[in-house]
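Please read through the structure below; I'll follow up with questions.
Chain naming follows the written order as A, B, C and D, and within any one chain the residues start at number 1.
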Amino acid sequence: MCRWLAYHGSPITIDKLLTKPNHSLVDQSINARHLSLPGFPMAKQFPGHDFPTNGDGFGIAFVGREGNIGQFREITPAWDSHNLHSLAEQIETGTLLAHVRAAPGGSIAEDNCHPFVHDGWMFQHNGGVGGFEKMARDLRMDVDPELYPFIMGNSDTETCFYLALTYGLASDPVGAMMKLNDRIEQARADNNVTAPFTACMAASNGDILVTMRVSSRENLGSGPVPESPSLYHAHGAAKIRMADGTEEHLPEDTQLVCSEPLELDFSDHEWVPVEDRTISLFQDGKEPQHTSVPVN
Amino acid sequence: MCRWLAYHGSPITIDKLLTKPNHSLVDQSINARHLSLPGFPMAKQFPGHDFPTNGDGFGIAFVGREGNIGQFREITPAWDSHNLHSLAEQIETGTLLAHVRAAPGGSIAEDNCHPFVHDGWMFQHNGGVGGFEKMARDLRMDVDPELYPFIMGNSDTETCFYLALTYGLASDPVGAMMKLNDRIEQARADNNVTAPFTACMAASNGDILVTMRVSSRENLGSGPVPESPSLYHAHGAAKIRMADGTEEHLPEDTQLVCSEPLELDFSDHEWVPVEDRTISLFQDGKEPQHTSVPVN
Amino acid sequence: MCRWLAYHGSPITIDKLLTKPNHSLVDQSINARHLSLPGFPMAKQFPGHDFPTNGDGFGIAFVGREGNIGQFREITPAWDSHNLHSLAEQIETGTLLAHVRAAPGGSIAEDNCHPFVHDGWMFQHNGGVGGFEKMARDLRMDVDPELYPFIMGNSDTETCFYLALTYGLASDPVGAMMKLNDRIEQARADNNVTAPFTACMAASNGDILVTMRVSSRENLGSGPVPESPSLYHAHGAAKIRMADGTEEHLPEDTQLVCSEPLELDFSDHEWVPVEDRTISLFQDGKEPQHTSVPVN
Amino acid sequence: MCRWLAYHGSPITIDKLLTKPNHSLVDQSINARHLSLPGFPMAKQFPGHDFPTNGDGFGIAFVGREGNIGQFREITPAWDSHNLHSLAEQIETGTLLAHVRAAPGGSIAEDNCHPFVHDGWMFQHNGGVGGFEKMARDLRMDVDPELYPFIMGNSDTETCFYLALTYGLASDPVGAMMKLNDRIEQARADNNVTAPFTACMAASNGDILVTMRVSSRENLGSGPVPESPSLYHAHGAAKIRMADGTEEHLPEDTQLVCSEPLELDFSDHEWVPVEDRTISLFQDGKEPQHTSVPVN
C-alpha cells in the first residue's frame, strides 16, 4: 500500500499539505502505523490501513509556470528528504498530486515513483494490480502504440496510466477510468488471476481532478473479498492542525482527496470517506460528481 | 533506534543471518514493529523496541580475503536492496558486523552508515548520544589528531568509534569501551546535557568481538531513567528458523550478538539477554568475559 | 557508449581487472577520454571512442558460490563507489562480466544497469539500438511470454537479452546472437529506422562466454556507415600494468574481452582487436571460435 | 575542479541559466572538456580548465518565497537529473547559486554538495583547500562553537563557509572573505602544507553577492604557482545563446558570475574574466566593487 493526496483549488504553498500538518503526507510515509493498531481509538475510522511504512520513494507533480507540470521524485524515503522539505516551502500551485510509495523489495527507481506525468496529465495510485506479472504483456499491448514508448518503468500503475490515456482520459475522464477498471478485470479473467485489483487512483490535468476507489469483486477464487484502500475527501475551507500546534485554513475552493486525513485528531465532518466503487470528478465551481462502478 | 548483529565463529555465508531467517536483519529493517505492539505475545520479551522502521541505510563489514575488511553500505532501505540479497549469498566470513539504520530526517549518507571501518577495526551502534550536537566539538577534540582526518560523517557513532580507537581499542578493548562511556558521561555533565546516552555497541578486528550495553544513569535531570536498547546473545550451535520453514544450524563455535533474535518463534534458552551495563568480550575458544560498567 | 570487460578463466580476485590496472574499468568510467584526443599517440588504436565519461551507473555479475550468479549494481558513477572498491578486493570468480554505463540523460535505475542476469545467464552491451523507441513494442512482443515479466527496465539491452534467451542462448549461443542481430535489423526495416544498431555484446553462463561485435550495414538511409564499438581480446597469461607501477600476471587460461585494454601503455601483441561483424565463442580448453555475421 | 554560477538581478526562471543555454551549467557538468582540448579554438580563453566531468553531485540554492532560501541537491550527476530539468522550469528567483561538483572518489553525499546554506546565507566553491586533511582540525576549531554543530559533511568548502560566517560574512562580507583566505594560508604554514589553496568562491544572502578568486602564492615549496580557477562576469542585459538556437536576453540589472561562460560561441565583450586575487561585491544599483587580495 501507499499513501497519496491530491489538491485542487486556489494556489497554496504545498508545505501546508506535505510537511507541516500533524499527520502530513511525509508523516504518513513513516507513521501511518498508529492508525492500524488494534484498539487505537481512531483505528476504526481507517479500514484497510495495515502497513506503517511507505518508504520506497516518493514524488510530487503540480501545475506550475505557464501551465507546465512540474515533477519531483526521489527513490529514498520521503521522511529523509531535505530536498522535499525545502522545495515544499517554495512551490505554490493550484493542483498538486503527491505520493509516498510502499513497494518493499520491488524495483526502486524514479521511473516507478508516482505521480507519473505525460502530455499535461499526472496520475497516481494506492493499491495494486494483483497478478500484474501475468497480465503485463496483455495490458501493455492495449496501450496506444504512439504512447507505448513513454512507458519507462515496470510498475502496474504506469501501465494503468497509459491505458487510461489510451481510453480517452483527456476527453472523457470518467469513462476512461471506468474502461480501465473493466480492462483490468477482463485481463484478470483472461489470465486466471485471483489476486484482486485494488485501487485508489487520481488523475489531473490542472482543470479537473478525477479519482477512482475500487477493488475487485470478480474472479476472486476462494480468496477474501478485498477492502478498497481508504480514501477521504475534504472540501471547502478545511482547517488542518499543524505539527507545531497551529491551524491552517485551506482556501474556500479547496478540493482535497487523500488516503488518510492529514491530521490525527480531526473533526469528523470535515474528512468524508469516499464511497467504495466510485469514480469522482472534481471541477472548479461545480459540485463533485460521483459515478458508481458496477460489478461486471 | 537501529538494529544490528555481530557474528564471530567459523566462516559461514552471511545470508544465513542477514536475509534468510524468519526475522532476519533485513526483516528487522521493516518489520521490527510487531515486537513492540502492546499485547503482542512476545512483546514482553523485547523491552525498548518501540520503532518499527530501520530504513535510513544499512551496512555490513566483514573480515575477508587476506584478513582485509570488506565493507558494503547503501543509503536506501535494506529491505529494498537487491544488491544486499545477492551479495549475502556470495560472502563467506568468520566475522561479520551488520547494521540497519534508523535516523529518520537525519543526514542520509554512506559516511553515516554503520559499520564504520578503520585500520582493521569495525564498529557499530544501536542507540544514541543524546545532545550530541552540544558535545560534538568537545568529543571530537579528544580524538587523536592523527585519527581526526578519518572522521567522514556527522554521526555520533563515528565519533565514538574514533574515541574508542584513541582510548586503545586495539590494545585494551574493554578498557577503551569503559573510557568511551566515561568520556561521554563527562561531556554530558560538562555541557549540561540531560538527554541520555544509550548504547548497544559492537567492535571487532576479526580476532575479538567486544560489545557494550549501557545507558546513562547520570545527569538525567527530571527525565526518566532510560532503558538500554535490547541485546541478545546466542552461542554454540544455535539453530535458526528460516523464512522458508527450514532450520539452519550455525557452527559449534558461533558467537552471535544481536538487537533482536533472528527468529520470531524462538526457544527462549538459545537467545540470552545481555545484562545491562555490561561490556562483553568474545574470543575464540574462551568463555565470554563480562565486565560491569559502574555508575560514576 | 559504455565500457565493459568479460573475464573467463581460473578464479581471480576481481580488483585485478576492475580497480587496480592503470586503465582499469573504473578508470575507463571517467578517463576514457584520453584515448580519443586527436593526436594522442594511442588514439589511432581506439576507433570509435569519442566519449570520455561512463558515469551513469555500473554493474558486475559473476559466477560465485554454488554456481549462483552474484550481481552488484549502483546508479552512481563507478569512480565514486567505495563499495565497488571494497567488494572488488573480496570477490573471487572464474567468470566476470563488468560494465560502466554511459546513458547521459536517460533513465537512471539499477534495473537499467548492466550486466543483466536471468536464469543462470548474464548479459551486457556497449553500443545502442538506434530508434529503439520505435521498435521496442515489436521487439518485446517477440520475447517469450514466459520471459516477458522479467523485463524490469526500459533499456534496449535488456530487451536484447530476453530476445537472445528466447532465441536459444542457452542451447545455441552463436545462433541466438545471430538471430538477435537479424531480428533487430528486421525491426529497423519494418519501422523505417535509419539510426544504426551498434553492439559489442557479451553473454555468459559461467561455462561459455559469447561476444558479438557488429553494427548496422542495412537501412542506413543517407547516414554514415557506423563504426562498431571497439573490442579487444587478451588470452593466456596476460600481464597487466597496475596503477601502482607493478604488474599482475593473469592465469594461463585467461580469456579476457574488453572495450579498451586495461592498461594505457600496453604491448600491442597482447590485446588483439576483435574483428568487426564477428560472434566469438570462448570455452575452457578450446581455441576461441569466431563466426562472421553476414550483411542481410 | 567544479563549475558554478551565481545570478543576482530581477527574478527569472532558472532554466535560462541551468539547462537551456548551449553551454549551460548542466552541459558543463559533462561537456566542459571541449574547452580544455589542446588546439581547440576557444581553449586559450579558458585557462585552468583541465577536467571535463563534474559528475559528483550538484546543487542549487535560491532566495524564494518570503525571503527563505530554497535548496535542492542530489548526489547523482546533474546531466542525469530529470528533477533538475523539471524544477528549473518552475523556480523563479532573483538570486541563485548553482554548482556541479567534481570530487571523483571523494565522499559523495548531499551534505557535501554545494551550495551550503545557513542562516540566510548560501555559499559555493570551485577549487580546493590543498592538504585540507592536515588542517581540518585546526580550521574547524576556529569555527564559532555556536556554528560548529551545523557542519554536516567533510568537505573543505563547508568548513570555509562556517569560517566565513564566524569571521563576519553577514556584517562585512569582503572582510570576512579576506580573513578566510588569510586563515587558510596561516593553517597551510602552521601545518607545512605545500599543496595550494585555490578558490573561486561565491556567497550571497539575496541582497549582496560576494565572490573571491584567489590561489596560494605562499608556502608552495618547490611546487608550481597555481593558476586560480577561471571566473567570468556578465552584467547588464546579457544575451545568451540557447541550445535550441534561440537567444535569451537576461534582465538589465543582471549580475552573473560563472566558472565558464554559459555559451560556446559567445561575444568576448559580454563575458569579462574576473581578475585573479580579487574579492568582488555585487549589489543592486551599484557598480561592482573589487578588492585586491594581497600576498601575505
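Assume a residue touches a chain if its C-beta (ideal position, glycine included) is under 8 Å from a C-beta of that chain, and two chains touch if they have at least 3 such contacts.
Given the structure is predicted, the values throughout are model-derived calculations rather than measurements.
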item: Chain copies touching (subunit A, subunit B) - same or different residues, decided at half shared; value: same
item: Where subunit C and subunit D are represented by their mean Cα positions, the distance between them in whole Å; value: 38
item: Subunit B, residues touching no fewer than two other chains; value: 108, 110
item: Contact graph of the chains (line, ring, star, complete, other); value: complete
item: Interfacial residue positions of subunit C with respect to subunit B in the complex; value: 13, 64-65, 68, 70-74, 82-83, 86-87, 89-92, 110
item: In the complex, subunit D residues that touch subunit B; value: 107-111, 133-134, 136-137, 140-141, 145, 148-149, 151-154
item: Subunit A residues within the subunit B interface of the complex; value: 30, 33, 37-39, 52-53, 55-56, 75-77, 79-80, 104-106, 108
